[in-house]
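The two complexes that follow have chain A in common; it is paired with chain B in the first and with chain C in the second.
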Partner chain A sequence: METVVLVKRVPDTETLVRIAPDAKGILLDGARMVMNPYDEIALEEALRLRDIHGGAVCALSAGGEKTVETLRTALAMGADKAVLLTGLESGSADSLTLARAIAAFLRSLPFDLVLAGARAVDDDGYQVGPMVAEFLGIPQLTFAVRVLVEGGAVTCHRAVDGETVVARAALPALVTAHKGLNQPRFASVVGIMKAQKKPVETVTLAGLALPEGKARVETRSVRLAPERAGGLIIQGETPEEKAKVLVRALADAGAL
Partner chain B sequence: MDYEHTREQEMIREAVRSFAEGEIAPVAQELDEAEKFSPELTRKMGEIGLFGMFVSEKYGGQGLDYVSYIIGVEEVARIDGSQAATVAAGNSLGIGPLYYFGTEEQKQKYLPKLCAGEGLWGFGLTEPQAGSDAGGTQTTAVRDGDEWVLNGSKIFITNAASPISMGVTVQAITGRRDDGKPRYTCFLVEHGMRGFTAREMKRKMMWRSSNTAELFFDNVRVPKANILGNVGDGFHQMLKTLDGGRLSIGAMGLGGAQGAYELALKYAKKREQFGQPIGKFQAIAFKLADCAMEIECARNLLYKACWLRDKKKPYEKLAAMGKLYCSETMGRVVNHAVQIHGGYGLMKEYGVERFYRDQKLLDIGEGTSEVQRIVISRYIGC
Partner chain C sequence: MFSFELDKEQKMIRNSYAELVKKLVADTIHDQDEAGALDPKTIQKAWELGVSVSAVPEACGGMGMPDSPMQSAICLEELAYGDASFAIAVTTPSLFISPLLRYGTEAQKNACLPPVCGETYVPATLAMCEPDLAFDAASPKCRAEKKNGAYILSGVKCFVPKAKDAKYILVAASTDQGPQLFIVSADNPGLKVGDREKTLGLYALDMYRVTLENCKVSAADKLGGDNGCDYADVLARSRVGLAAVAAGISRASFEFARDYAKKREQFGAPIGTKQSVAFMVAEMAYEADAIRLMCWKAASMLEAGKPAVREAYLARMYAGEMAMKIGDYGVQVLGGHGYIRDYPQERYYRNARGIAILEGVATV
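And now, the complex of A and B:
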């Protein structure tokens, strides 16, 4: 079974975020960059499925030169090969542009399953995976917390609104991985050594037959979330008294 | 000049850091409080490759350079001194002598399991009456046919009485040289040999979840195939082992200093007094600036020592300097770090007190700070 895993390089959530001077993005110099944790889950699942069904796992990412580091991590965890898509101007590519490019590349590749993280922890779009499936015209099963492949089909337990939906789709298909699906392994030192010898292919967008289409999202400005203001503790002797104070406070805040 | 690590070394740092934060950090405090060695955690450290990094792949190692190994110890120590001790002693004192001085049979017999983190091996040098004065060694081995008979005891031996300890390299007196000084030989004593007892030492101040043992040898009969190298090589083997060991103790000081410094910096940005974060006060900011500077100096010194070793250049003087400077840097950093935390720094839940306790061993183990100064002073010709 041939599996492609979409991975994204994102700032570690512990990193202190600074806004760029033009307020159109964030400054990443000095930030610790990691593989999107949801993509780690997707990759782990791909590796486990490979152990059962055989085949190869290819990690795919779009980005600049530094993104190779993230792909090397994927290789160190156990992916067999990696592809870097270059030529997307950083910052200008919205999810749609990115998905279109990834889908265009995937058309040139035989695959049975595409795995992606359900979301990326940097811009929280939840979009690229599903859009890729749409462009490719293949079924998509999102928010998977359990994945089973047999008889040319994939069955997923999907976490939806606190319930579990069991859904099945014929391969090839795309699955997005949710928290709880598995516990991703750590890259081992041996894995890192092996990763140096595995191939990382670079593909430029210019060489792909990209369908027409423009970005639909434009970033106007980025700002830090406002600091949380102090809460209000309702004072009063009796519940009735407290309720009155609360109602007054809600009315003053324009909430009633 | 090139101050950059290779891509591989950077990836190893990143991998060990993620592992230490993900697997060690959540249990470090609990294991410390329970004074409990964890074979499971040791095995996990083996799985990601923290044992045998400098050992050839032929024996189950990773075939890397010493810098990579030191980075590994440093990153574990950034989170927990006890686990770093298991790794540093396991490699430098357990695996090291077997790998560098062992016969082909000995290497094939012991190294694969040790490199996988499935077993641990101790290095028995210190005795109740022989600390800094190694000349006070009293353990003896007497030849009897094809066997040697060991008698004596060892103390403060890391990794030697855990549930996965396989054996110990024991230094014993095997005769006298022409000048009357003792002749030393190292023996590989396996757990289970009759007359050999290993007892875990409890109630330690530091490294509480690493395993420390007291060893007793009561007429232990060791086959001659278990001699490490040749009869009479013991002293030379010990010196070589301690030179490398110093680098790993240095890495523990460096990593521990880094960990305590990061805790203090984070706290100083968050904790408010007099209406602003305490890090805005120069009394606190200057302490942190000193920590950052000293850690940078320590790191450069230690990496240079490792680099010299990897280049097969003389590194012994710098190894002593690195061990001494990194240990003492961590001493100053943990002192500042607890001070910056104020009253909370004294409480276990803030974690910084563990760094404070764990540091003290570094001034004492594998050659006290005083002994390091003797070594350095000899190298500079005093």
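And now, the complex of A and C:
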């Protein structure tokens, strides 16, 4: 089974976010960059499925030179090969442009399954995976917390309001991975050493037959969320006393 | 050119161990330390990252990569950044594997490496320390007498990590040719693993007293056979390992104290704005870096195939002294919070104290 995993290079969620001077984005210099944690889950699932069904896992990412590091991490975790799509200037590409480019490239590649993270932790778009499926005209199963491949079809479990939706689609299909699907492995020493010898292919967008279409989303400004105001701690000796203070506070706030 | 810059692979290896510590160790280690036991599943996960077996030939269960003391030092520091008990427990098999790889005969490697180099963590360990006031790692009191083509080992060892579950124990003993190492199987009737040691620090690491009484091992179980081993080199590697552990504890202690000093307010300002505190934190920072640099120097010399007995000794000595100082300052910066067990500083302090005492509990 041939699987492609879409991986994105994102700032570590513990990075202190700084807004760029033009307020159109965030400053990434000095930020620790990692593979999007949801993509790690997708990759882990791809590796697990490969162990069962055989075939190869290809990690695919778009970005600049530094993105090779993220692809190397994917290779170190166990992916067989990696492809870097270049030519998308960061900031100028919205999810739509990116999805078009990925879909255009995937048309040139035989695959049975595309796996992606359900979301990327940097811009939380939730869009690229589903858009790629649309452009390719293949079924998509999103937010998977369990994935089974059997008899040319993929079955996914998705948690909805405490219930589970089980959906099935014929391959080729696209699945987006959600938290709880698995626990991604850590790259081993030998995996890391071997990763340096595995191929990373670079594909420029200019070489792809991209359909016309400009970015539809423009970032007007980026700002930090306002700091949360401190909560109110109700003081009082007895529960009755505290209840009175609470009722008064609620009334003052216009909640009663 | 002389450079302290790690290469791409080394950085990735460091990141992978750091990720594991962040995700699996950081939040749970306090409880594991309090309970005096490490989670076997986490040890297994860390084992699978494979630093202990990377240099073991593939035929013996390893990865067949070049031996890299630098790589080991980097991994040990990251593991010890999470917890020293955890770092030592995960790498205890290295105490056996590393000397065997370097000095073992082909027969010894083929017989003893596969059982402890598989995918599952199987402890094997080294018995070096002795409960003797005048203990000197370079001249153990434990004796190995040659008798009728075999060796009879007698002596007492202490602080032997994971001895109870170890498949093999490499025992340091004096012979007529100076100190040597002997492979002792767990089922040797002359080997008695005593009670778990009760220690000031490293609560989560089980270490034992081991008694060798009329413990007979065949001449073929002397590490390296007739040639023996370079005991000073084994000792040097253990010392570099300890220095790497100290580097990890020290960095953890420094970073915690630094962040605390920035946040904790007293008299209307963060305590880090007071010189008395800031100086302590600064000292912790440069000593933690100094420990690492001395450790890396010794490790890089070993990696280049040069003897590093002196550098390893100095690195471990400096690390032992400075880790204590850093641990002490760490507690002091936190004040009362440093002394209670809800904060990690007292654990760093207790664990750091062992670096200057223990021999043969970590190796690169």
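Here is the rule we go by: the second predicted complex is superposed on the first by the 229 of 256 C-alpha atoms of A that agree within 3 Å, B and C clash if a C-alpha of one lies under 4 Å from a C-alpha of the other, contacts with A are read in each partner's own complex, and residues count from 1 in each chain.
Quick note on the criterion: contacts are C-beta pairs under 8 Å (C-beta built on N, C-alpha and C of every residue); 3 or more make two chains touch, one makes a residue touch a chain.
Here the structure is a predicted model, which means the values were calculated and not measured.
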| item | value |
| --- | --- |
| Superposition on chain A - do chain B and chain C clash or fit | clash |
| Partner chain in contact with A:Ile192 - chain B first, chain C second, else both or neither | both |
| Chain B versus chain C as contact partner of A:Ala23, first or second or both or neither | neither |
| First, second, both or neither for A:Leu250, with chain B first and chain C second | neither |
| Partner chain in contact with A:Arg72 - chain B first, chain C second, else both or neither | both |
| Shared chain A surface residues [contacts with chain B and with chain C] | 72-73, 76, 186-190, 192-193, 195-196 |
| Chain A contact footprint on chain C (complex, rising order) | 8-9, 12-13, 16-17, 19-20, 45, 48-51, 54, 63, 65, 71, 75 |
| For the chain B and chain A complex, residues of the former touching the latter | 7-8, 11-12, 14-16, 18-19, 22-23, 47-50, 53, 62-64, 68, 72 |
| Parts of chain A lying in touch with chain B, wherever the complex brings them together | 34, 69, 72-73, 76, 186-193, 195-196 |
| Residue ranges of chain A touching chain C (in the complex, touch as defined) | 72-73, 76, 185-190, 192-193, 195-196 |
